[in-house]
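Shared between the two complexes below is subunit A, which has subunit B as its partner in the first and subunit C in the second.
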Partner chain A sequence: MLSIDILLNAIVTGILLGSVYASLALGLGITFGILHIPNIAHPTLVVAGAFFVYTLTQWGLDPIVAALIGLVPFYLLGVVLYAFYSAVFERKGGANVLQSLTLFFGLSLVIEILLSLGFGSELKSVSVSYIGSSLKLGVLTVPYRLLIPALLAPVTIAAVWFYLSRTNSGTAIRAVAHEERALSIAGLNPASVKRHAFGIATATAVIAGAALIMVGPIEPFAGRYQIGRVFAIVVLAGMGSIPGSLVIAIIIGIAEALVSSYLNPSWSPGVAFAILLLGLALRPQGLFGAAR
Partner chain B sequence: MKTRRQFHKLMAVTAAGLAAPAILGSKVFAQDKPIRVGASVSLTGPLASTKNGQIGYELWRDDVNAAGGLLGRKVELVIYDDQSSAANVPAIYSKLVDVDACDVLFSPYGANLSAPVMPFIKQRDLFMIGMFGLAGNDVAKHDKFFHSGPWGPNSGRDWARGFFDLAKAQGVKKIAIINADLEFSKNAAKGGADVAKEYGMEVVFNQSYPPNTSDFSSMIRNINAGDPEAIFIASYPADSTAIIRGVKEIGISDKVKLFGGAMIGPQYGALLGSLGPELNGLVNSHTFVPEPTMQTPAIKSFFDRYTPIAVKQGVDPLGFYIPPFYYVAGQLAAAAITGSKSVDPAKMAAFLHANAVDTIVGKIAFTEIGDWKERRVLMVQLRGIKGNDLEQFRNPGHQVILDPPSLKTGELAAPYNKARAS
Partner chain C sequence: MRKNSLVFLAGIVIVLALGFLMPWLLRNPFYFFAGYVVLQYVTIATGWNILGGYAGYINFGAAGFFGAGVYLSAFLFTSFGLPLPLCILAAAIVGAILGVLMGYLTLRIQGVYFAIATLGLVVVLETIVHNISGLGGASGMAVYGPRPPAWSPGPSQYNFTVMVVIAVVSVALARWVEISWIGRGLRAVRASEDAAECSGVPTLRLKLVACALSGAVLAAAGAPYPFYTSFVEPVTAFSLIIGLNAIAMPLIGGTRTWVGPVIGALLLASVQQIATVTISSELNILFVGAVLIAFVAFAPGGISDLFGRKKGRARL
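Right, the complex of A and B next:
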């Protein structure tokens, strides 16, 4: 059943899905990839962002506008979360990975329970005029439900990467991961820089949340299904490579779509990890990560 | 400083205190103790949308206690949250039996969560009412297990036969089947494929997909390439939404006469409200709908009381699919206890095997493995839905019963594309 229209549509669908995955992985790329904090609560924060967007859309706002409104509160939420993490672990002699994982696992559960209590356990979705219709381009049929959220990822990633690479405070964020003491000698407070970075990472969760709820309905526990895939993207891109995560996410998206179309959709969840294992075997530092 | 006499007094009081539960628990006092009914409910986790069933349990308990209890004893519910995790279920039921000393057990919701408890029930020879676990007793074949759900005999294969009966009546020769990779959906799809084969239909596409798949465009294109006349889908709520939206985005062949079958989600208020008119034309399974052939004073009274509680608790305000059958579970237990005048599992089971029971959803008689003798799964067609107002679903005409014939309230509107546009 190898028809050209099914092949082309599968590739385009894969690119769009991959782009959405990149949105989901962006915040983790900052916290885990740059700050080396294994924030496994990030997918749950994305779901919290989706519920924030859902709430504002009930008042008639577009999901993207709702996400932009959510940037500041989610940034502040991230700042508070890092302050707590820092107070519990870093000021008491440094956190080991297991302690950090436990903390963020617990945080994830707390957020899920709060969302359940606040919104109930029913699926929530947004109703926007462009959801349900498609863009027809020759043999291609591109659902706006995927196209619009997919366009968010490159824009957000470009904005974050521009900030990290072209501004002083962005450079400080990248520097803090490499040599914290040198940053102190330069007169900057590493804790303050990390807090700011964590705030930015959490703010991206609300953008990813808007993408997630446009693609399909969500429930408080939806973040659990994304953890493996987003970690695979960040690790395979190379720790700290933000643009690389977009490329890897799209590769995974295309591979999943092709496996779904031509082999068996049930195999698609294993695709990200198969690519991860293959990629790490060839390049342990990640495909876009610098060798150390 | 304590004297020896004071010490002996203290020991006597302590011994009496320790012995009290044993004395109070003896048969002398057993008749005064409440009858304890134990269950796990998914109050949290991915299956938490089923927690509105607990309202059914509680309404039944309140009704029974208001009428004086069972055998002169009050009924007490002991319910724990299984967090939608099968891993939690065995420990919960061990506690319900060994610590809480429950007399009757209701299973967790569905086949996935019920499966881990079946070996325990069989081994300990306990009495249990099953809650929506499709083919839940087909392996264990425990003679003290009874379904509250209307799956009927040979449910693994036959519960959705109504969909295929409708397809056969429409002259369908080619059918596509897709299902989620989960116990309930896999069983439904396998049974559907067997029935399709029995009816001489060619299965032109038969594929499963992983849970939480968010995009079905590739699968819908592949289905269209197979040119089927009916599409049988066994999905869960999030996938059901994605499939319905995918069909709207990608389109489906005009040859398709029936679309749906075993989609979980369109039975719940959340999806009915969010998808609204997008559901028009869908032919899907259900357990109860407010059509004239199903309305009775008893079921009306149930929903009159359920709705305000559900609204207050923030759960499905319609509650057609699950809550009435949780109430039915209580009615079955009550019939077994009062009929056998006992809470002995063997006597209760013998009564239910020998007698049909009147419930708010009608009279129920059981096979030797506790299936309903008569399958009463509905195939309904959603139609005439306008906007997203949930209240319209309380009126007849929007969920028309096509099967079984005894409850039928309308004819199939086909093909699917025409019914969708209606």
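Right, the complex of A and C next:
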């Protein structure tokens, strides 16, 4: 049946889209989910990462290689951002959530404008030989430009999850959010642990950016359409649950794909926020989080 | 009535009188065209501050309320020919309802989630408007405004006077909230929500009242907009610059009193009016963003705090 074909294709597309969304939300899962810093500039940093990848591909590099190169400058960018953030707020005895939200809001605008001044406001895309065609499996048609980024996401997520849960410095990151003082008693400097964590979170933005620009063309202001998705994912996954975020991201991806194939693609931007609002109203602690 | 209130009342009368007389004194319609935008932002900043400043709940979705007001009044006017004052009233009522709904869904959770959810409101409303062909969808719709009444020399002057009235009413409302028991309760919420709750302040109800008032003012600010531009479309009605200015203006002016948003809006909106004429609108946003970061980072109390904080009142 034709409608079964559409349904199957929508679900597969949704799973792949969701996987890409999960990589967008990964950095926010660290900054907001673990460190409780409401970094609403993260989607804009992802867009900045996409433009970084775009620039390197213009010089003939592969987008995935470009993303790996970008890890270092974006890590450093994150460290600088956190240093600024903590110099402004944390010295005054704990950051006021609303002030930090406003700070990151202003920051994301500044980044967006700088990108649009530097690259112009037209859509930019990358083209590589291996993302041109589509994979055909029976009734399913999966474009490679969606499949490759979607495979990139679980790899990155697994790497970050392994780092956070199996290594000492990853454990320190998870510990610093819980009990800063205990960490300093144990002989670690909480400020430098957080700086490191923020650096890693920002570094994931360049990978997510590569995934995003492979999926489709991108413009400097694309970040604001992702804010709803990434926050919906992090919040509903239960603040800091990295594997949970992959599940939620896929649920959102499927919901969006179903809405856009059965209703109209123009409805899909509202889907993530609708899910977030419902989720917040019904289950504020998140689907995978412990009650707080 | 206290002396302060008398001075405030006198100020209101003077501003209103100017709003009605100026159109006959100044010939150049550009002043009213630019003045309208400045007053619109005075209203938006004041409305935002009722919730964001007094209660400390940041609303990133000011553009959602504004856009709802824009579309509601455009729809009521073109479909039913409702007179402008009734359009404004209807927009305020719908804004209040939206505010309560929004607050009811999210206010029981922490402030961060509230802020994120408000961002969502803009996207959801914009998506809905996009998909309603009766409202012009993505391509927008033309609105031919009402003929200005005899006491006003032209349409831009009439819109200006209407906006003066809306701004004055909003500022008076904000001042009333500030000095009444509502304002005291909201300040307690901002200082420490748990402590306020423990001492018997009805925090949820107060926050819902603040949401309703704030939403009403923000939507009312949008109601005359279709007649000002003669054309509405989703991207400008739900524009991010409105959400940005709604936050930046009170933060720059100072969020603790009704004066702060007014100062911030007058300053920033005037600068922007000059900037959009002389330089590009992109640099305009860059400027606002940079000023916002600078104030959040280095002068969180805003301008009114830098100058007016000599008497040593308790910081609440």
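The rule we apply is simple: the second predicted complex is superposed on the first by the 281 of 292 C-alpha atoms of A that agree within 3 Å, B and C clash if a C-alpha of one lies under 4 Å from a C-alpha of the other, contacts with A are read in each partner's own complex, and residues count from 1 in each chain.
Everything that follows uses one rule, which is that a residue touches a chain if its C-beta (ideal position, glycine included) is under 8 Å from a C-beta of that chain, and two chains touch if they have at least 3 such contacts.
Worth saying up front: this structure is predicted, and the values here are computed from it rather than measured.
In this superposed model built on subunit A, subunit B and subunit C take up the same space, so to speak, and clash. Contacts of A:178 after superposition: neither subunit B nor subunit C is touched.
After overlaying the two complexes on the shared chain, residue contacts for A:225 are found with subunit B and with subunit C alike.
Within the superposed three-chain model, A:145 lies in touch with subunit B and out of touch with subunit C [touch as defined at top]. Once the two complexes are laid over each other on the shared chain, residue contacts for A:216 go to subunit B alone; subunit C is not touched.
In the superposed pair of complexes, A:277 makes contact with subunit C only, with no contact to subunit B. Applying the stated contact rule after C-alpha superposition, one finds that A:97 touches subunit C and leaves subunit B untouched.
Contacts of A:38 after superposition: subunit C is touched, whereas subunit B is not reached. Here subunit B runs into subunit C after the superposition, and of 112-120, 256-264 or 346-354 the stretch doing so is 112-120. Shared interface residues of subunit A, touching subunit B in one complex and subunit C in the other, are 113, 116, 225, 264, 266, 269.
Contact residues on subunit C toward subunit A in their complex (touch as defined above): 52, 56-58, 60, 105-106, 108-113, 115-117, 119-121, 123-124, 126-128, 130-131, 138, 240, 244, 247-248, 251, 282-283, 285-286, 288-290, 292-293, 296-298, 300.
On the side of subunit A, the complex with subunit B involves touching residues 1, 3, 5-6, 9-10, 13, 17, 112-113, 116, 120-125, 127, 131-134, 141, 143, 145-146, 215-217, 219, 221-222, 225, 257, 260-261, 264-266, 268-269. Of all residues in subunit B, only 44-46, 48-49, 51, 181, 207-215, 217-219, 221-222, 225, 237-238, 241-242, 245-246, 248-251, 265, 268-271, 274, 278, 314-316, 388 touch subunit A in the complex they form. Put simply, subunit A touches subunit C in their complex at residues 38, 40, 88, 96-99, 101-103, 105-107, 109-110, 113-114, 116-117, 224-225, 227-228, 231, 235, 264, 266-267, 269-270, 272-274, 276-277, 280-281, 284.
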